[in-house]
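You will see two complexes here that share chain A, one where it goes with chain B and one where it goes with chain C.
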Partner chain A sequence: MSDLAALVVQQSLNGVYLGCLYVMVALGLTLIYGVLNQINFAHADFVTVGAFTAFFAATRFATKVLGLPDAAGYLLSIIAATGMGAVLGLAINAAVFAPLRERGDELRPLIATIGVSVLLENAQLALFGPIPYQFDSPFARETIRIGRVFFSAQSLLVVLISAASIGALYAFLRFTFLGKALRAVAQDRETAGLMGINQGLLIGLTIVIASALAGMAGALLGPVLVLSPFAGASVIVKAFAIVIIGGFGNMQGTIIAGILVGIIEAFTVQYLGSGLIDLVVFVLLLAMLVVRPTGLIAERKEENV
Partner chain B sequence: MKFASKLALGCAIAVASFVSVAQDRVVRIGVAMPISGPGSYFGVMDKEGIELALEQLKSGVNGYKLQVQYEDSACSPLQATNAVKRMLDQFKPHIVIGEECSDASLAIAPILNDAKVVQLNVGSVTMKLTESGYKYTFRIFPNAEQQSAPLVKVARGVLKAQTAVILHEKTNAGNDNAEGFKKPFEAQGGKVLADIDFGRDVNDFTAIATRIASLGKVDVLPTFALEGQQVRLAQALAQAKIVKGGGGNAVQIGSIWLPYGFDQKAGEAAQGYVRIVQFDPSEKRKVVQDFVKAFKAKYGQDKVPTHINAHAYDAILLIAEAVRRGAHDSESIRDAFSKFKDVEVTTGRITFDAKGQTSDLSVVHFVQTQPDLSWKALSWQ
Partner chain C sequence: MIAALPWLLSSGYWRGILVICAMNVLLALALNLVMGYTGQLNLGQSAFYAIGAYVSTLLVRSLHWNFWVASLAAVVAAGFLGLALAAFAARLRGHYLAIASLGFAVITYQVLVNWESVTEGVRGLYGIAPPVRGTVALFYLVAGIALVVYALMDNLVRSPVGDTLRAIREDEVSAASLGVNGAIWKAFAFGVGAAIAGLAGCFYPGFVGTLVPDAFNIVESFTMLAMVIVGGMGTMIGPVIGAVVLTFLPELLRGFGELRLMIYGVALTLVVLFLPGGIASCFKRRA
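== the complex of A and B ==
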C-alpha cells in the first residue's frame, strides 16, 4: 500500500469511528424530535450520566465487587449505563415532561429540558466534583495493526456496538407492534390516539429509548472524553449539527450525517488543520441550511423515525 | 450622675473606636477563580491551597486579619469581568487573586488596574498579561517565554532535536507557548514540521496522531494543553507509535501546565515524557516539605498537592509577607510586592521584575516520566 493510500484508509477509519460516536449521541436527539417535535437540551447531560455510571460500574463495582476481569467489567458497564439512562429518562419523563405535556403547552416542556440540563449538571458537580476522572477502557490498550493501518480494539467495539444498536432500533421500529405504534404517533399523534394508541405511553417509551441510547453513548464516550460533569457538552453541539445536516427527526439522515462529519473531521485534521474542524463542520451546516434545508434525507414526516 | 453619663459616653466612644479600628484592620482578598465549568478543577485546587494558608494564618498578620471572598469567574472573560466588577462594588478588595485561564486574566487586568487594585496572578501563561503596562498586575507563574525557552534549550542542546511538531490548545496561553517555542527553535536551526492547534472541545486525537505519523521523522513534540486533553493526546500518540511510550522515537515535552498525577492518568503512554515543573512535592526545601505535610494532614495522607494547590497557597503567603512588611491596602501591597527580593515560597523565590513578572526561575527544573510512572528529576536547566 502506498503512503497516500495508507493515510487515506487510516483517516477514513478514524473518521468512521468518530462518526459512530457522534451518531450514538445524535440518535436519541433525532428520535425525540421525530416523535415529539421537541428538542431535548438535557441530552448532553444524559450522556454524561451514562459516562459516570459506566465509570463507577467498571472501576468500582464490576472489577472490585464482582471480581470480573477489566474487559468484562467494561462491557457490563455499558449495559449499566444504558439501563441508568433508561431509568433516568423514565423518571424525568414521569416527574417533569409528562405533567407539562398534559397541560397541552409546547413551550414549557422545551424550557423544562433546559432546567433538567442545569439540574443534572449541578447534581453531578455536587456528587462527583469538577476534577476530571480518568476512565480507561481495557479495549483502548489493545491496538490492532493491519499492515500500516491501525485501530484500537475500543474503536472496533464502538463501531460494532453502534451498528448493533442502529440495527436493533431499526428492527424495533419496523417490525414490532410497539415500533409501528410509535411511528404512527410520530406521523400523526391525534389520529394515532383515535386508533386507540396510548400516546403518553409511547412518548414515554421514546424518551426512555433516547435516554438509554444517550447512556450507552456516554459509556462508549467515557474513555474518550475528559470525564467531568461537563463532558457531554463537548459533543452535543456537534450532535445538533449532525441532526440538522441529516434532517431533523430523520434517523437515516442522522446516521449518514454522523459518519460524514466524522470523516470530514479526520481529513480536515490531515489537510487543513485541527483548528479548523468547527469551521468546516459549521460551514457544511450552513450550506445545508441554504441549499437543502430539509437535510441530507428530504423530510417526509411519515418516513422519519 | 453627670459624671456617670460622661463616663458611659466616653466608654461608648472608646468601644466604638476600638470596634471601628478592629473592623478596619482587615486586608480584603478577592479570589476570582473558575468554580463552575470545565476549568472548575482549578478553582477547587486553588481553594484548597488558599484555605490551608488561611488556617495557618488565622491569628492574623501584623495585627491584620486576612479576609477572603471567592467569586466564580468560570475561566471565561465575560464571567470573570462580571465577577470582578461585583467584587469591586460590594467587597472592595485590596487585592484580587486570579484568574487561572489567560483569556479571563487578560479581561480582568484593565478593570483592576483602573480601580487601582492589585491583581496577583498564579496560573496564566500569556505574555500580554505583564507586557501590557499594567501597574497593579503581578504574576508568580512563569510566562510563555519563561516556560518555552528552557524547552527549546533542552530540545536542541540535550535531546539534539532537529524536527518538532508543536501541539497546543487554541487559546492565548496555548498560542503564546507555541510561539515561544517555535521562534527560538527555528532560530537555532531546528525545523517545525507542523504547528497543530485544537479547541478545548476536541476529545479524540487519533486523527491528529495519524497526521503526525505522516509527517516523517519527528524528534520532539512540545505540547501545551490542559491535563485532560494531554492524557488523551499522549495515549493517541503512543497508539500511533510516535512517542517513546508507544515504542516510537519522538519525545513529548511539556510545560508547567501539567499537574502532579498526570503520569498515572496517562499510563504507559506517558513514559519518557519530559517536562518542566515549578512545584515538585519531592523537593527538599523546608517550605515545600512543610506545605506537603500540612496539606496531607488537612486533606488526606494519600493526597499529594499539585502546582495549582501550591500556587494558590503561595499567593496568600505573599500577601501575608507584604502585610508583615507594613502593607495594609492596595497601594502599600503593590509597593511591598515591588520591593520583594527572593521571598521564599513553595513555587520558588519571588522577585518581581519591573513589569510585575516573577523573575527568579531557580526552582524550575525538568522531570521525566519513568517506566513505573514516577518522576525522575533531571538536572537540565
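== the complex of A and C ==
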C-alpha cells in the first residue's frame, strides 16, 4: 500500500469513529425534532452528564467498590450513563416539553431548554469544578494493527456499540407496534391521537430514548473530550450542523451526515489543522442550505423518524 | 430618572454594570426587531456584536481613524453583513434559520480565533481606550444612544413599516398575497438589527479595555434571546425590561456564590413556563 493510500484509509477510519460518536448525539436531536418539532438545547449537557456519570461509575464505583476489572468497569459505566440520560429525559419532558406542548409555539420550549442547559452546566460546575478530568478508557490502551493502518480497541468498541444501538432503534421503529405508533405520531400527531394513540406517552418515550442515547454518547465520548462541565458544547454545535445537513427529523440523513462530518473532520485535522474544524463544518452547512435546504435525503414525511 | 442612576449606584463596580446594562438594552432592542416584530429566529446576533467591536477597534488601531468615523464604518459593515445573511437565509424558516444563523455566529467566532495576523486570535487586543473618559460619561453616552434607538424604533414599529413586518411575522404567504415583498422586508429587519448590534459592539472594547473572541461566543446570542423572551417579545418595553432584569439578576445573586447561575437558569425556565408573554405582559394586563 502506498503512503498516501494508507493515510487515506487511516483517516477515513478515524473519521468513521468520530462520525459514530456524532451520530449518537445528533440522532437524539433529530428524533425529538421528528415527533415534536422542537430543539432541545440541553441535549449537550445530557452528553456531559453522561460523561461524568460514566467517569465516576468506572473510576470510583465499579473498580474501587465492586472490584471489577477495568474493562468490565468501563462497560458498566456506559450502561450507567445511558440510564442517567434516560432519567434526565424523563425530567425535561415532565418539566418543559409536556407543559409547553399544547401551546404550539416553537420558540418558548427552545428558550426553556436553554435555561435547563444553564442550570445543568452550573450545577456540574459547582459539583466537579472547572478543572478538566482525565477519563482513560482501558480499551484505548490496546491498539489493533492491520497492514499499515492502526486503530484502538476503543474506536472499535465505539463503532460496534453505536452500530448496535442504531440498529436496535431502527428495528424498534420498523417492527414493533410501539415503534409504528411512534412513527404515526411523527407523521400526524392529531390523526394519531384520533386513532387512540396516547401521544403524550409516546412523545415522552421519544425524549427518553433520545436522552438515553445522549448519555451513552457521553460515556463513549468521555475519553475523547476534555471532560469539563462545558464539554458537551463542543460536540453539540457539530451535532446541530449534522442534523441540518441530514435534514431535520430524518434518521438516515442524520446517520450519513454524521459519518460524513466525522470523515471531513479527520481530513481537516490532517491537512488544515484542528483549529479550522468548526469553520469547515459550518461553511459546508451553509453551502448545503443554499443547494439543498431539505437536507441530503429529500424529505418524505413518512420516513421522518 | 436614567440620568440619576450613576449617583444612586455610586460604586465603580455598579456603574460598570450600568454601562453593560445599556449595551444589553441596545442588543435586546436589535434582536427584538428581527425576532419579535418580524418573526425571524436569529441566533447570529453575537456575530454582528463582534463585527462592530472588531471593525471599530481595528480601524482606530491600525489605520488611526477617529473613533466616531470608525464606529460608523463598523455599523455599516455589520448592517451589510446582516443583509448578506438575510439574502442567504431568505428561503429558510423557523429552526432552519435558527441553526443557519447559529452557524454564521460560529463561523465568525472561528474567524476571529484563527485570523491571528489581524485579530491576534485568542491572545486578544489590549489597551483599548474608551471613546469618553470615565464610566459615568460612557454610561450617559451609551444610554443616550439606546434612548435614541428606542425612540426611532418605536416610531418605526408604529409606522406602516411596522405593520408590514408584523404581517410577515403572522403569515408570510398572506402578506405576499397583499403585495408585500417578504424577502426585502426581512432583509431590512435583519440589516437594521445587525447594525444596532454592531453599534453596541463599538462601545464594548473601550469599556473593557481588551478584546478577545470569547466575549462573542455563541452563548452571547442565547443571552440576548433570553432578554427578549423574558422581557416580552414583540413589545417595545419588553426587551428593555428583559435586558435590565437579566443584567442585574446575576449581580444581585452574587451572594449565592456558585448557585448564582443555577438560579438564573431556573428563573429563565420558570418565566417561559409561567409567563409566556414575558414580564411586559404583567403590566399590560393591569393597564
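By our rule, the second predicted complex is superposed on the first by the 297 of 305 C-alpha atoms of A that agree within 3 Å, B and C clash if a C-alpha of one lies under 4 Å from a C-alpha of the other, contacts with A are read in each partner's own complex, and residues count from 1 in each chain.
In the analysis below, contacts are C-beta pairs under 8 Å (C-beta built on N, C-alpha and C of every residue); 3 or more make two chains touch, one makes a residue touch a chain.
Just so it is clear, the structure is predicted and the values come from calculations on it, not from any experiment.
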When chain B and chain C are modelled together on chain A, clash or fit: clash
Touched partner set for A:A95, first chain B, second chain C, both or neither: second
First, second, both or neither for A:D3, with chain B first and chain C second: first
Touching partner for A:L125 - first (chain B), second (chain C), both, neither: both
Touching partner for A:T176 - first (chain B), second (chain C), both, neither: neither
First (chain B), second (chain C), both or neither touched by A:L285: second
Which superposed partner A:I111 touches (first chain B, second chain C, both, neither): second
Chain B versus chain C as contact partner of A:T191, first or second or both or neither: neither
First, second, both or neither for A:G275, with chain B first and chain C second: both
Chain B/chain C common contact set on chain A: 125, 237, 275, 278
Of all residues in chain C, those that touch chain A in their complex: 35, 41, 88-89, 91-92, 94-96, 98-100, 102-104, 106-107, 110-111, 113-114, 218, 222, 225-226, 229, 233, 258-262, 264-270, 272-273, 276
Complex contacts: residues of chain A adjacent to chain B: 3, 7, 10-11, 14-15, 17-18, 21, 125, 129-132, 134, 136, 140-141, 143, 150, 152, 155, 221, 224-226, 228, 230, 233-235, 237, 265-266, 269-270, 273-275, 277-278
Residue ranges of chain A in contact with chain C within the complex: 33, 37, 39, 41, 95-96, 99-100, 103, 105-112, 114-123, 125-126, 237, 240-241, 243-244, 248, 275-276, 278-279, 282-283, 285-286, 289-290, 293
For the chain B and chain A complex, residues of the former touching the latter: 35-38, 40-41, 43-45, 170, 196-204, 206-208, 210-211, 214, 226-229, 231-232, 235, 239-241, 264-265, 267
